[in-house]
Amino acid sequence: MSAPRLAFDDVTGGYGSTMIVRGASGAVSPGEVLCVLGRNGVGKTTLLKLLFGFLPCRTGAIRFDNCPLGALAPEMRRRIGMTYCPQERPVFDDLSVHDNLTLTRADRRLESFRPYFARFPVLESRLRQHAGTLSGGEKKVLSFVRGLAEDQPLVLLDEPSEGVQWENILEMEAAIKEKTAQGAAFIVVEQNLAFAERIADAYLVMDQGRAVLAGVRATMDRARLLAHLHV
Amino acid sequence: MLNGSLVVFLTVLLPFVVGRFWAYQLGLYGLYAAAAVGLGLCWGQAGFLPLGQALFFGFAAYLSGFAFIHFLDHPVIAVVMLPLAALAAGLLAYVIGILIFRRRGESGAYFSMITLALALLGFQVATSWNSVTGGFDGLKNIPGIPGLDDISSVYDLSAGVLLLMLALCRWLRHAPVGVLWRALAQNERRLLLFGFDTNRLKAVAFGVSGLMAGVAGAIYAPEQGIVTPELVGFGLSADLVIWTAIGGRGSLLGPVIGTLVVGSLSSQLRDSFVYWEVLMAIFFIVVVLAFPQGIVGLTAPLEPYFAARRRLREPITVSPRAAPERPALLAIDAATVTIGDVTLLDRLSLCFNRAGIYCVIGPNGAGKTSMFNLITGELDATAGKVMLDQVEVSGLEPHCITRRGLARKLQIPSIFPDLAITDNLAIALWSGRASGLALLDPRLRRWKSPMLDELCRRYPFLADAGRRAAALSHGERQILELAMALLTEPRVLLLDEPCAGLSPDETATLIDALRWAVGQLRGAIVIIIEHDMAVVKELAQRIYVLHNGGLLAEGDVAAIQASDKVRAVYVGAEK
Amino acid sequence: MDPLVLTQAINVVYGVSTLAAVTLGLAVIFGLLGVLNIAHGEFVMIGAYAAFVAQWAGWPFLAAVPVTLLVCGLLGYVVERILIRPLYRRPFDTLVATWGLSLLLREAAKAIFGRGYHSLTIPVPGTLHFLGTEYPTYRLILIAISLTVVTGLVVWYSRSRTGTWIRAMIGNPELAQAQGISVRKLASATFVTGTCLAGLAGIMVAPLVPIEPYMGLDYVLRAFFVLVVGGLGSVLGLFSGAAVIGGVNSVISAVANATYGYFTMLVLAILVMWLRPRGIVAQR
C-alpha cells in the first residue's frame, strides 16, 4: 500500500465553543475510496469541513501528501489538489448550469465535460437554466460532475447520492471507479449504505463525534455497522 | 460603579478648584453631558446608536425658549413649561423609536441613518421657519429662570441637572429594565423568545435618552439666553457621539467625562489648531475599534477602591406559577412554510395532546428546526395554522406567543454572555411574571423561585453571582440555557438538540435534570429535537420522524425502529 | 408639448439619473457586501474636490478622473483592509467605523480646503436644442453618462467572468472558496469599485453644486433612501428607488418648499421599511 494521500490524526473541532468532532483519525491512499458513515448529526459533515479548512482544528493534524496543512485557507487547499462538493447548497443557485461548470475555467468551454454529459444527459439539456431551478438530485449531479471534472488528486464528497435517482447513482459509481483507476483518492460521506458498499475500499464509522469503527470493507462486520446507522 | 456621594462631593468642589471662567464653561458642557448620558444609555446599554441626538436637545430648547419669550410677564407659567418641553422631546423620541423599530429584522443601521436624517430635517425646519424659530439667528434675548439668572448660577444649575440625570440613569441601569437593555444588545432573539417586546424596550430607551436631552435643552434656553439652529443639527449630534465614545459609552460617567474633557478642550483648541478635529476623528475611530470602554476603561484597575459596597439583601421568593387546570394542547394543522422557491415545511400536521416528552428526529433539512420556528412565530405559515390550547397562535408576534407559556432552548447555546449568570437566570424568572412598570423596581433583581433553588443545588455553578456567562464552558452554557427555559415554568417546552456537543457524562446529568424538570412542570408538553438515539430512547414517550418537511412516521421507539420507511431514509435503499 | 412642461420633465430625468449615479457606489458596497458605508458621501465629496483642484491648477476637467480614481481607490483599499475586513460579520460596528471615517474625511477636507463654498465653471457651457426646447448641454451629457455607466456596470456584472465570480461569492461564499476563488480579494476589489464609483459621481455633479466639506451628508442620506425604497440587488430597484426619491423630492420642493420635500422623502422611506422591507420592486 502506498503512502496516504491524506491523513488526519486526532482531529477535534466544531463551531465556536461547540466541539462536534472529537479526536477522529483516518487516512486515504491514491486510488482508494474512504467512506465516512454514521447517522445525521454525528459530525460527518463537520469532519469534511475541518479537512477542507472551513473550520479550524482545535487539536490534531492533517497531512496532504505528507505535507501538514495547518491553517491553510480553503481556496489554497483547492489549489494544491483538493476538491470539495458540499452536502447543503451544492451549487450556485443564481448562476446557470453552464456557469456553474465553467466558473473557474478561463476558456468557459464545455469540451472536457462531454464524457460526463454522456453519463448524465440531463445536465446537457439544462445548460442555460439557472441551477436554482434544478431538483435536489439534479443539483447533486451537477455538483458531482463539477467536482470530478476538476481532475484533482483528492475529492471530498458530502452525501453525493442524496435525492439522486438510482440509475444516476450507478453512473456516479462508475465515474468514481474510473477516477480511482487513474489514481485519485476519495473521501465520501454517505447515508446510503447500499451506495457506500458499492464504492468503498474502507469505512470510517462515526457516532457522537467520534470515529467508533474503522476498517476495510471486506472484513467489516455488517451488523455492527448497521447498529451505528439505524435508529 | 463610582460611589454616588463621592461624585456629588466632587461636583460641589470643582468650581472652587478650576475658577470662575472654567466653571462657566463646564456649566455649558454639563448640559451637553446630560444629553450624552442619554446617548450612552442607548449605545452602551441597549446597543443602538442614534446619530441625530441633538434634535431632542434643540427641540426642547426651542420650546422652552419660545415659552420664556412669550410668557415674559408670567415667569411661573414659563417655569411650568420647562418640564413640558423636556417631556415633549422624550415623547417625540419614543414615537420615532416605535416607528423605526417596527421594522422586522435587523434595524440598527436603518435607525442610525433615519435619526441622522431627522436631525438634518430639524436643522432645515429651524433655519426656514422664521416666524417661530427666528431663522438663522435663532431665538435671542431669552429671559433667565427667575432667581437663577446670573452668570455664577450657570454651573450650579447645569450641575444640578446633570446629577439628576445621572441619578435617573443609574437607577435605570440597576433596575430590571437596564438588565433587559444590556441583554437585548447582546442577544435580541433570546430576549424575544422570553416574551419581551424588544422593539418597545428599545423605543423606551430611546425615549428616555430623548427626555434627558430634552431636560438639558429646556434648561439651556433660559440659561444661555439664546437658541440657534446649530443646537438641532448635525454638528452637535456628531459631537455627542464622539464625546460619548471617547469617554466610554458603557459606563455611567464615561459620557460625562468625555463631554467635559473633549468638549471643553475642543472649544479652546478647534480654532487655534487646524488639525484638532482631524485628530479627534482619528481618535474616535481608534477608540471604537480598539477601546470600546473609552477613557473610563483606563480606570478599571482602580475600580475596587472606589466601588460602592454592595449590600447583601434578602432574596425574594416568588411562588411557582399556578398549575394549569388542563394539560397543554399544541397542534400543527397542515402547515406549509415556503421561502422563495424553497419549501421548508410541507403540509405538516402534528398533534401533541397529552403531557409528556416527545422527540422529533429526521435527516438534515427535514424541517425540524423550521417546525420550532413556526411554533414560536419566527416563521410565518404560508398555509395551515398552529393552535395552542385551542387558540390559533400562528400570525402572532413571537413575544406574544411565548408569553402564552412557551419556552425554547435554541440549537446553539443562546445566553447573554456579558451578563452575570444570576442576571441571566433573573431574566428568565421575569419572563411572563413581570412587565411594564414593574421592570423599574430594582427589588426584582433579588427574585428566586423554588425551581431555581433546586437547579442551583443540582448545578452549583448557577449560584455563582460574580461570574459572567461568557466564562462558562460549552456544557455549562447548555445547562444554563436549559435552566433559563425551565425557570419560566412553561406549558410547552421546545428543546433543540439539548445534548449537542456534550460529553457522555454531561449528557447523562442533562437527561437526569430533564426528567426531574418534566416532573415539576405538571401538564407540560416537552418536544425535543435530538440526533443522539441514546437520548431519544431514554426520554421519548413518542417519536415523530420528519422528512422533506412532512411527517414520515410516528410511534414509540419500537414502532419507529421497525418502520421500513424510516429505515429507507436512514440507511438508504436500492430502488 | 408645452416647452415648460418638457423642460420640467427633462429636469426630473436629470435628477433621477444623477441620483442613480450617486447611489451606484453605495448600492455596490451595501448590496453586494452588506456593508453600509456611511462615508459614501465623503467619497463623492473627494471626487468633487478633485474636480475643483483640477480647475484651480488649470488642468483640463477630465484630469480629475485619474486623480479621483487614485485617491478613492487607494483610500478604499486601505479602509477595506483596516476598517471593514475585521468587521464583516458585525454590521453595527462597520456602521460606527464608517461613520468615524466620514467624520475624518470631512474634517480633513475642512482643514485642507477651508469651511467655505467653492464652485466650478461648467466645463461644457451653452444649451442644446432638444425636443423643441433649450436645455443646458452639460446636464444632457450628465444624463447620458449616468445612464451609460449604470447600464454598463450592470451588463458587465451579468456577463463578465469577474461579475460571475462576484455573483458566485454573494450567492454561496463557501462554495466559491471551495472552487479556489479568493473571497477576500474579491470583496476588497468590490469595495474599491464602490468608492471609485462614488468619486466619479462626485466629479460629474461638481460643476453644478456648491463644493463644501458637508456636501457628503446629503448624498449619503439620499442614496441610502433610494436603496431603502428601491431595494438592494437590482437595476430596476436602483432606478425605481431613484425615481421615487428624486421625483417626489423635486416635485414637492417645486410645489411647496425643500423642507417639505425632505420630510416627504423621510416619511416615504419609513413607510417602505414597514410595508416592503425589501423594497418596492422585490417579490415577496
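Note that the chains are named A, B and C in the order they appear, and that numbering of residues resets to 1 at the start of each chain.
The rule is short, and it goes like this: a contact is a pair of C-beta atoms (placed from the backbone, for glycine too) under 8 Å apart; a residue touches a chain by one contact, two chains touch by 3 or more.
On a predicted model such as this, the values are computed, not experimentally measured, just so you know.
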Identifier of the chain whose CA centre is least distant from the whole-structure CA centre: B
Winner on C-beta contact pairs when A-C is weighed against B-C: B-C
Where chain A and chain C are represented by their mean Cα positions, the distance between them in whole Å: 44
Centroid distance [mean C-alpha coordinates] between chain C and chain B, Å: 34
Junction residues of chain C, two or more chains touched: none
Touching residues on chain A, where the partner in the complex is chain C: 52, 54, 73-75, 78-79, 83-86, 89-95, 99, 103-104, 106, 108, 146
Chain A to chain B touching residues, read off their complex: 14-20, 39-42, 45, 87-88, 132-133, 161, 166, 190-195, 208-209, 226, 229-231
Residue numbers on chain B that touch chain A, as the complex places them: 341, 361, 363-365, 412-413, 473-474, 477, 497, 500-501, 504, 531-533, 536, 560-561, 566-567, 570-575
Complex contact set, residues of chain C against chain A: 161, 164-165, 167-168, 170-172, 174-183
For the chain C and chain B complex, residues of the former touching the latter: 36, 38, 83, 86, 91-93, 95-97, 99-101, 103-104, 107-108, 110-111, 214, 217-218, 221, 224-225, 228, 257-259, 262-263, 266, 269-270, 273-274, 277
